[in-house]
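All remarks here apply to the structure that follows.
Order of writing sets the chain letters: A, B, C and D. Residues in each chain are counted from 1.
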Amino acid sequence: MVGGGRGSFIGPIHRMAAKMDDSAILVAGCFSRDKKENLKTAEETGLKSDRLYSSWQSLIEKEKGNIDFLTVCTPNDSHYEITKAALESGIHVLCEKPLSLTRKEAEKIEKLAAKKNLLVAVPFTYTGFPMVKLARELVSGGELGKICKANIEYVQGSFRKINFKKPLDKRNAWKMDPSKSGPSCVVADIGVHGACLIEYITGLEIKSVLSDISSFAPGNTLDDDASILMRLDEGAKAAMVTSKVATGEENGVRVRVYGDKASLFWNQELPNQLSVKYPNEPERIYKRNTPYIGAVSPMAAAASRIPSGHDEGFIEAFANIYRGFCAAVAGENKLDFPTAYEGVRTMRFVEAVLKSARSGSRWMQV
Amino acid sequence: MVGGGRGSFIGPIHRMAAKMDDSAILVAGCFSRDKKENLKTAEETGLKSDRLYSSWQSLIEKEKGNIDFLTVCTPNDSHYEITKAALESGIHVLCEKPLSLTRKEAEKIEKLAAKKNLLVAVPFTYTGFPMVKLARELVSGGELGKICKANIEYVQGSFRKINFKKPLDKRNAWKMDPSKSGPSCVVADIGVHGACLIEYITGLEIKSVLSDISSFAPGNTLDDDASILMRLDEGAKAAMVTSKVATGEENGVRVRVYGDKASLFWNQELPNQLSVKYPNEPERIYKRNTPYIGAVSPMAAAASRIPSGHDEGFIEAFANIYRGFCAAVAGENKLDFPTAYEGVRTMRFVEAVLKSARSGSRWMQV
Amino acid sequence: MVGGGRGSFIGPIHRMAAKMDDSAILVAGCFSRDKKENLKTAEETGLKSDRLYSSWQSLIEKEKGNIDFLTVCTPNDSHYEITKAALESGIHVLCEKPLSLTRKEAEKIEKLAAKKNLLVAVPFTYTGFPMVKLARELVSGGELGKICKANIEYVQGSFRKINFKKPLDKRNAWKMDPSKSGPSCVVADIGVHGACLIEYITGLEIKSVLSDISSFAPGNTLDDDASILMRLDEGAKAAMVTSKVATGEENGVRVRVYGDKASLFWNQELPNQLSVKYPNEPERIYKRNTPYIGAVSPMAAAASRIPSGHDEGFIEAFANIYRGFCAAVAGENKLDFPTAYEGVRTMRFVEAVLKSARSGSRWMQV
Amino acid sequence: MVGGGRGSFIGPIHRMAAKMDDSAILVAGCFSRDKKENLKTAEETGLKSDRLYSSWQSLIEKEKGNIDFLTVCTPNDSHYEITKAALESGIHVLCEKPLSLTRKEAEKIEKLAAKKNLLVAVPFTYTGFPMVKLARELVSGGELGKICKANIEYVQGSFRKINFKKPLDKRNAWKMDPSKSGPSCVVADIGVHGACLIEYITGLEIKSVLSDISSFAPGNTLDDDASILMRLDEGAKAAMVTSKVATGEENGVRVRVYGDKASLFWNQELPNQLSVKYPNEPERIYKRNTPYIGAVSPMAAAASRIPSGHDEGFIEAFANIYRGFCAAVAGENKLDFPTAYEGVRTMRFVEAVLKSARSGSRWMQV
């Protein structure tokens, strides 16, 4: 693992997710450029000091051949460089989104991995939820009929808890620095999850986008709110609101997909259920890991650990990505997980959204 | 009352709403051009035959001076003519939306009413719900702080129950005929309620709109789905999805308003509660007619009839509009109700939305 | 109408319910012993003074033969006397619960009505909700299989807003005086609705009860909280918690019924939906007045006025009782409504519950 | 670890919970009497064969001094024997409930542990949920005032998926054999969680119980449904319905606690939120790991891993028990976890409930 020191949000989640199903064991790491932090994280995670490295370069050099894959959860600006180096050293990579700061670099990663016949996973976590997998399989199985519209919210109120006029704490500082995190904030950080969910669930590609983008939080100069219209394959359309200034929202990912036979609704904050509505029948509430789920969605059934009625959450969804990726690393390709393909698709999405906003909300191709 | 025969959706609701609080008594009517239907509706409503008319013209002529106001719930294409004639005869009018088929005519009605010092009510029903009034007063009282964004859905699946390739039944036929209902379907029929709610709750005017409009139902030629972006006063923005092809949705009016201190959420299908979320405090669920409501929202308190915990619904909200309007007709102006102003605002909204859609989703002024 | 002056909770609801569908017109009344109040209520309701009476005795004497039926909503201690007198004068009666202060008197009313071939309605309002009718018809249609258990809550926090150590206001004073309201408070006032719902929905009789009763509100001497176990026909069982000290609860009527094929859940505060759960299928959420409802429950379909998605509430449920009763008064018996039978059943229930509590929670026959 | 082979429900949960926070590492085991199963579980869990044992006796003998504690998740009839042996060998124990088949043996365990100064944890999982800890601290902090009533459901429909007339599968067979699982089924298996939650949240002891117990599932001879009334310390009361024949229910643990100032509601299937209702203020919805939670409930704050809005579930709650217990094993006693005390309390509860049922629903002391 490179990055993901103790203070970070995502580092510990990677480690809990990897351990949950014994998908992977942490054997080598370089968690922080800060020597002390690096050491402390090693101690906390039980990593032996002889496999703790002070730079990712030395980690790759020394560990190539010894590790099954590399997890990259550094700040965004080093994703490309590290992932590229790892692939070139013949190492599979699980890299936090975004794959790179630019679309072009992401495309290079995708090509490089293909050429080297190596795996790249990008943890778009929400695709790891059993009920999202059910959603996808309900659509692909024809239960909703022909899809015409999706309506997505991904809204947080996090920026209402931050004073942008003062220096930011370490956890937020790099995220608000375009040179480290990339040219977009809300769209690239959370909007991409929405875009990924639309394509994952509907199986349709986003062809073009139109956007209106704002910076509402006082003192913030990056985008923190966006309304985005989309045109998909086969004449379908979509709308998304994504925001970091949606005061009081925690992590409001709400997805509605409408077909000509039925529609579905999933709310990430109540992740163990999926609603399906029909014109002439009662609404159905599907629950995770119920007796009937396997017949409809083998992927959803495979993505559950414990009986229905016992809540599984975000870490479990993340663990599903690890499980799928690690199975693939081990040579089996039985479980789905998001790859460089999704990494590239979402980069293209961000680029087109920003371009549209800058053009005064014109339609832009993805 | 003109229009609103027994088969119609809205006619009986007008009558139930008017009776609920003894706001008004039906004393004269012309319910249908079909003689039999006209007679039958009179019988059902207990209207005496000497005040049943075969044309709205004769009703106005004979009843002017005898009735306190006229309710107009005919198909859209006669709203303007009847309302105009009634106003010219010195009669207050409660006219179903839209006030007319064109924005210009609606503006004429507004001016005429002002000139004649007569009242015109247009029943944008959702403003009649106590919790919507609470929402408005929470915003105007500063509870949400400065508003930056609204996100609205008004979605129905009704068109999934209709076969547009066969002749439509009477109830739907005129609604799908632009010469009778006007140039827009979903935007003018339900989208306007969303626009009205945004302005009513936030107190901000919609300045410009951008839209993407579709006709998804096979055989339907009018708009049945729209995604609309909006720019409001004071830099605020809004997004709306409105649809008649949202399969399985009944009458999904869901309103989210975000300020810099708090946000609110109201779901018309669970109308007796309003959620308010804060960055650093637990979410609060306000309920209708509770002991604490009067202090926050006198308008919400005045709009309730029965104790909290006992559901009040759509007819009650409609009755609130009658109550407010009839009190104003009687000379008191203590309760709020939507007027020709809202009638005109929403016509401008529809016009701008259609213009934007035709222009390839450009921003258009309202 | 006798009783139900302007200040009362239930009087105005009776009047709104009667008007909603033109089920009945108020033509004569004696609303209050207080002359001023009586007059004011007459004015507010538009009752002409020549049919306003200063005593219920004179109303019955003068109006017998002129009125179709009499509504009784006086304090409980006069229900028996008035209802009896009305029946003896050949007048149908719609009497607020309880029919009397004692079970024996209630039984006399039931017999008298039968003998005279007159109708007695007792408004157990919750049986008037469309989704409760659906519940009954789902059970009787076999959808749930054999019923084994019901679990009911009817909980309010109303007593947490009252200071019982001070003199009570007029609205509450008689309710807390056993000589006027009868020997039980929470069980007789709201617990009976729970008992009635169990029998109405399951179609099974409550055979015996066991109870534990408390007076928790400081200064209150009547029962304000009860836990009640029940044994029903055919080996089924039930449990109920009913309370007036359930702090913060508004009108929490929550009903769960379990059969061997499926179970159902209805929450009065969200009355337009009914949940049905199965062992091996997704939960189904039935909504009021949907296209599919008529096939399952003609009674539910007949009890709706407006399209699904537009909330109908408590007044509408009450109006359904008026509609059913008035249709029966007019000679048609097409709609169901609660009668003296339910009035007597619930009196027996209260008597047995109190007896069990006094015996130290022994089983008592109903 | 003793017991918990791969096919079992609870074994894998123990292992996932222990790993999540690196609370413990599996170093020795005896998972099954079936040699093959034992070996396979060892392989799956990565346990080295030299520390895999064919009997718990040899495990304890060889590992005493080498392991920090022993997890016992065998069928119920061996809990007592194994736990006793471990304690006598100076080993801390985390033992699945019940501690033993009889109350007396459980009391012996409690005493033995005290005498030996060893720790015994019994994973009453629901006390591990952050929002349950919040509930406890809201009550102990006085937010609800004096508690008067609790109303609990713990209902499952699991027995509706089993045919008791055929031989049961391995997972269920021992649970339905009183010689292996003890004299009670639903009360001992899930009802005890309800009893534990009442005492944990309210801080009050259950003093006496009254019960009505049934066997509804065809062919089942043990209790599968119970209604239980309770009297607590300080005059408080409680009611519980617990069932395995509640068709369609997954794992319905719903807890309502009423005080004289406020009430609370927690639903295990939506575990990340807690509702608190007041007489004269809006309902508050507390969410897990929000900025305001630490001030109200340090225990809830300490029991969360990831930001609010990202669902944490059952495994995480279980991991909280491991974390608390392992910290205590390591000498720190900073986190709460359920112990032999709760093990004994719940055994007394079961004994009294069964006694009451056999006596025809008399009150029995706990």
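What we mean here is this: a contact is a pair of C-beta atoms (placed from the backbone, for glycine too) under 8 Å apart; a residue touches a chain by one contact, two chains touch by 3 or more.
Note that this is a predicted model, so its numbers are computed, not measured.
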Chain labels contacting subunit B and also subunit C: A, D
Farthest-lying chain, centroid of Cα atoms versus that of subunit D: B
For subunit A paired with subunit D, centre-to-centre distance based on mean C-alpha positions, whole Å: 35
Averaged-CA centre spacing for the pair subunit B and subunit A, given as whole angstrom: 41
Subunit A-subunit C separation of Cα centroids, rounded to whole Å: 54
Per-residue overlap in subunit D, given as positions that touch at least 2 other chains: 161, 249, 276, 279-280, 283, 287, 290-291
Complex interface listing, subunit C residues touching subunit A: 275-276, 279-287, 290-292
Subunit B to subunit A touching residues, read off their complex: 144-145, 148-149, 151, 153, 155, 157, 160-161, 210, 212, 214, 216, 225, 227, 229, 231, 237, 239, 241, 243, 245-249, 256, 258-263, 276-280, 283, 360-363
Residues of subunit A that touch subunit D when the two form their complex: 9, 12-13, 16, 19-22, 44-46, 156, 161, 249-252, 268-272, 287, 290-291, 305-316
